[in-house]
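The chains carry the letters A, B and C, assigned in the order they are written, with residues numbered from 1 in each.
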Amino acid sequence: MSGVQQALVAGQTNAGVRWRAWGGGLRGSEYSWAIAFTLPYAAVFLAFVAYPVVFGLWLGHSPELYSQLFDDPLYLNTVVNTILYVGIGVNVRMFLAFLISGFFMRREWWVRALFLAFILPWAMPALPTALSFHWLLNGQWGLFDNLLWFLFGVDGPIWLNSRWTALGSNIVAYIWKFMPFWTVIFLAGRMAIPQDLYEAADVDGATGYRRFAHVTFPLLANLYLICTLLSTIFTVGDFTTVYFVSGGGPAMSTDVLATLGIREAFTVGRPELGVAAVMTALPIVIPIVIFLMRKLSTTEVQL
Amino acid sequence: MVRMSRRSVLTSSVGLTVAGLARPHIANAQAKTASVWVNQGFVPQEDAAFKKLAADYMKESGNTLDYSIMPFQAQNQKTIAALASGDVPDLVFMDAPGTILPQNAWNNKIVDVSDVVQPYEHLLTDTAKLASTFYDKTLRKRSYFLCPIKQGATPFHVWGDLVEKAGFKISDVPNTWNARWDFFKPMQKILRAKGMRKIYALGLEVETVGPNDGNNLYIHTMIANGGVGIVTSDGKLHTDDPKVREAAIKTVEYLSTAFKEGFVPPEALSWNDADDNNGFHERLFLVDFDGTISTELAMYSNKDAYNKMVTLGMPHGNDGKPVPCQVNAGGGFIPKGAKNVTVAKDLMKYWMQPKVMGENLKAGLGRWAPAITQIVKDDPWWLDKSDEHRSTYIREAVLEPTTAVFTGYTPAWGQVEAEQILQQSTADVVKNGMTATAAVDKMFKRANDIFARFTFE
Amino acid sequence: MSLALTAGWSNRRRYRVRHALMQSAAILFALVLLIWSLLPIYNMLLMALDKHDDIFSGAIWPPEPTLYSFQIVVTEGFWYLQYFWKQYANSIYVGAATTFFTLLIGSLTSYTVGRLRPPKAWLITNTAMLTYVIPASFLAIPFYRIMSTYGLGNSLWGVVAAYVTFGTPYAIFIFQQYGKSIPMELDESARIDGASPLQIYLRIYLPLMAPALVAVGTYALLLAWNDFLFQFLLLSSEKNMTVPVALAQFFNSDEAPWNYMMATAIVYSIPPVLFYYLFRNKMASGLTMGGVKG
């Protein structure tokens, strides 16, 4: 389509990297297409989101649940753990994923091969990998300490016996599991950056760091922010890792809100308490959700 | 509208089930169908035994059972989801319904099954009856909410050959609680000197992770120290009883001291539910205290290891008096709102017949003991001396003194166990440097807070 | 490199040394990454290759390596695994359906919101976010209820519906973000040329979104592939179950052949890796399409 080619050329000649904002509304017949295209999601939403979320909120509505939660001396601890787990886990991981995605842009064959190994953590089911971590870190038969001994003659500590190393282990396990995922997302994002932008930058004499700061980073910044926020929401709800790696131990000191909630729901048998536990994270989750909503509704492309 | 779609799902799956079972006779059009959730067994024979039972029942009664055998965790979560959302099966059969029954019976969500249990009352063990009784707050009474089929106890598991290797004789094992554990302590040094560098004497489950082991060990140690009165069958907590307090303190002292003195593998603090068994199989320690004989049965096919293990029943308490073993009951319960209560009750009536019960449990290699004493007396297989593991275990669970688990008395206890505050007190002494007294007081306070939420009037 | 150090060197030499250093740094980095990624997996492999007695022996290398566990898995030789291949097929079915629908619905929606831009489009993305207010694991119970209400209890489609519900909002956001880097002029001129929105969607939007489609597709696949909570809850009969539920059986009691479990997990993770491997070229092709030169 020659029109497209012309447009592309036109777009490229704006090498100063400005896109024109699309200023118009829809023309008549396109409106029905819009409706048709959004109908599937609307149906999914109404059928499967509206009721469960409302029901879920209803399950956790009684104030008595919250007074019970706050009574628990471990609750505060759990909140601190959650903040640390989510705060460190998400941010360290995002940052590393971002850097590593740059590494994987390289073309060498061994980089490509490495990538396959790299996504394995993500590809494996969470339950066995978390369990594997749990056993890896065991002081007696764990591979990690045994390797330390074998390679360096160092007797490793019992990682899961102390609150901070256990928390650290949980964080490391979580980063390990999901970093490949975000790396893939960032990689896709990097690949979206048109080659000619880099070439224009080269022409302007920007290399290495300057190239990164002026071309890559601004374009990916939005993506990075959105991913971080989404990941925060996901991590607040993640219980598999903590549950199987440290089990919330030793002595419940590494529980996070999600594991607390699951325990209340399925071990104590009071799902309302479980939902309430996770809902106490809402003061953090809701602002994030609102922020994301606003971010996503801006329609202009900008730098 | 909604009902129709559910029924159509049921009828189609019924059709499939009937076709799948290929019974020679066609299901009576008048007959009814019940949906049953059964937890998966420990060995395939258990599942096969259930399928046979179901088939026999269907033949005899003409009713149809639409059953699903599912892993224990899945069943637990599904049942809780079902009870919370109101969409329940007709019968749920669980080996260990302690997470679900107390709370839901309290909230009037379980069907009273006294009419099923009463005909068998004279045959059931006392603890089976007690463990099947729960309090319904709406009706303000205690009643049978579980039809008990099986019971589980906790024996000691020992590596007999290692005891001999250390120069001791298993027949010398003392018969009082503390002395029994102490017996194994000197063996640690001896065996280490003989090249088993990583071995520990005691596999004390001081963990606060995982549902049972830590709580189990703690409670029995308390009972052995005279603290069985901590919770009475009326659901009241007696932490102000000096005997109970003393027992708790002694428990914490014993467990934490054994740990601090290095007789327990250090990562016991962070074991999960399977790790004590993993450790035992690895010969990481000599003795542990774990529910049922699953530890031995896991080695059933390895006759060499199977025979090296020794199973011991309950010793006497530190005061020399017999210590009852805490025993739970597993069986079938019927959630309220079940569409086919009649068939569900009928099935349980069938299952509770001594002959049926006995046969069904035999297939499980004796991991679960029957709830009816007469079964083990009538059928020599249970107490057959040639299998020392099973006979000791069954004797412990059925014939020797037992007491019911506290979960039946009040839902509060289930929460106490779920919050792991018992072994937390041990951890407080070991890790946080508290004194045993302070740790116990802390634990008692929390227990009282939890119990305060469940008032009985 | 400081000029003092390299004062006497030629530019070329400086470049070569620098290049060599960068290369070795890259290789070192790659090595670290490799070890990092593979260590826990090696642990799983170690356990899978061990005989039952050796699993917790603390060895670094399997003392008596055996493929027995894998054999058991593949031949369905253990009773927990007796329906392994049927469950595998179910997992593939659920995974494929989830991926397909998530990509379809997600891309259609983000196309509309991002390109067609009807008024009040922000409503859609905003309400989509509501899906994430309560973590998925706690929505499991209401989900259980509605699935029975819709007649989807114990059906694989119920599970697919659940995953599509959780995966689509995320897909929409990523597609939207990604789509911002595709110039609107393309749509404009196609429209001038007389193309309908459907044709623009199929011919321009989708091909240019290829890298994002692969990324999100893999995400959707893995969401469905590795979750166990919803599969537990929404499925009952043995023949309907999926592999994660089969894995859960290993927790039936506190005794289990962990080597079989690890072997099962390893065999189970092959399809997603394969999926990614097969489609990764599509990701790279997006590179050339995103910056066509005239």
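Here is the rule we go by: a residue touches a chain if its C-beta (ideal position, glycine included) is under 8 Å from a C-beta of that chain, and two chains touch if they have at least 3 such contacts.
Since we're looking at a predicted model, the values are computed, not measured.
Any chain touching chain A that also touches chain C appears here: B.
When chain pairs are compared by contacting C-beta pairs, A-C ranks highest. One simple way to say how far apart two chains are is to compare their mean CA positions; for chain A and chain C this gives 13 Å.
Chain B and chain C have Cα centroids separated by 39 Å.
In chain B, the residues touching two or more other chains are 77, 80-81, 84, 198, 210, 278-279, 282, 284. Residue positions of chain C touching 2 or more other chains, listed in rising order: 56-58, 141-142, 145, 150, 248, 258.
Multi-chain contact residues of chain A (touching two or more other chains): 59, 140-141, 265, 271.
On the chain A side of its complex with chain B, the touching residues are 59, 68, 71-74, 134, 138-141, 158, 160-162, 166, 244, 246-252, 263-272.
Of all the residues in chain C, the ones that touch chain A in their complex are 26, 29-30, 33-34, 36-44, 46-47, 56-60, 104-106, 108-109, 111-113, 116-119, 121-122, 124-139, 141-143, 145-146, 150, 161-162, 164-165, 168, 170, 172-174, 176-178, 180-190, 192-193, 196-198, 201, 204, 211-212, 214-215, 218-219, 222, 225-226, 228, 243-244, 247-248, 258, 261-262, 264-266, 268-269, 272-273, 276-277, 280, 283-284, 286-288, 290-294.
Those residues of chain B whose C-beta lies close enough to touch chain C in the complex are 2, 5-6, 8-9, 13, 37, 39-44, 47, 68-74, 77-78, 80-82, 84-87, 198, 210, 213, 273-274, 276-279, 281-282, 284, 290, 294-295, 297-298. Within the complex, the chain C residues that touch chain B are 52-53, 55-58, 79, 140-142, 144-145, 148-151, 153-154, 229, 232-233, 236-238, 245, 248-249, 251-256, 258.
Only residues 76-77, 80-81, 84, 99-100, 102-104, 198, 207-211, 265-267, 269-270, 272, 275, 278-279, 282, 284, 414-415, 418-420, 423-424, 427-428, 431, 446, 449, 453 of chain B touch chain A when the two sit together in their complex.
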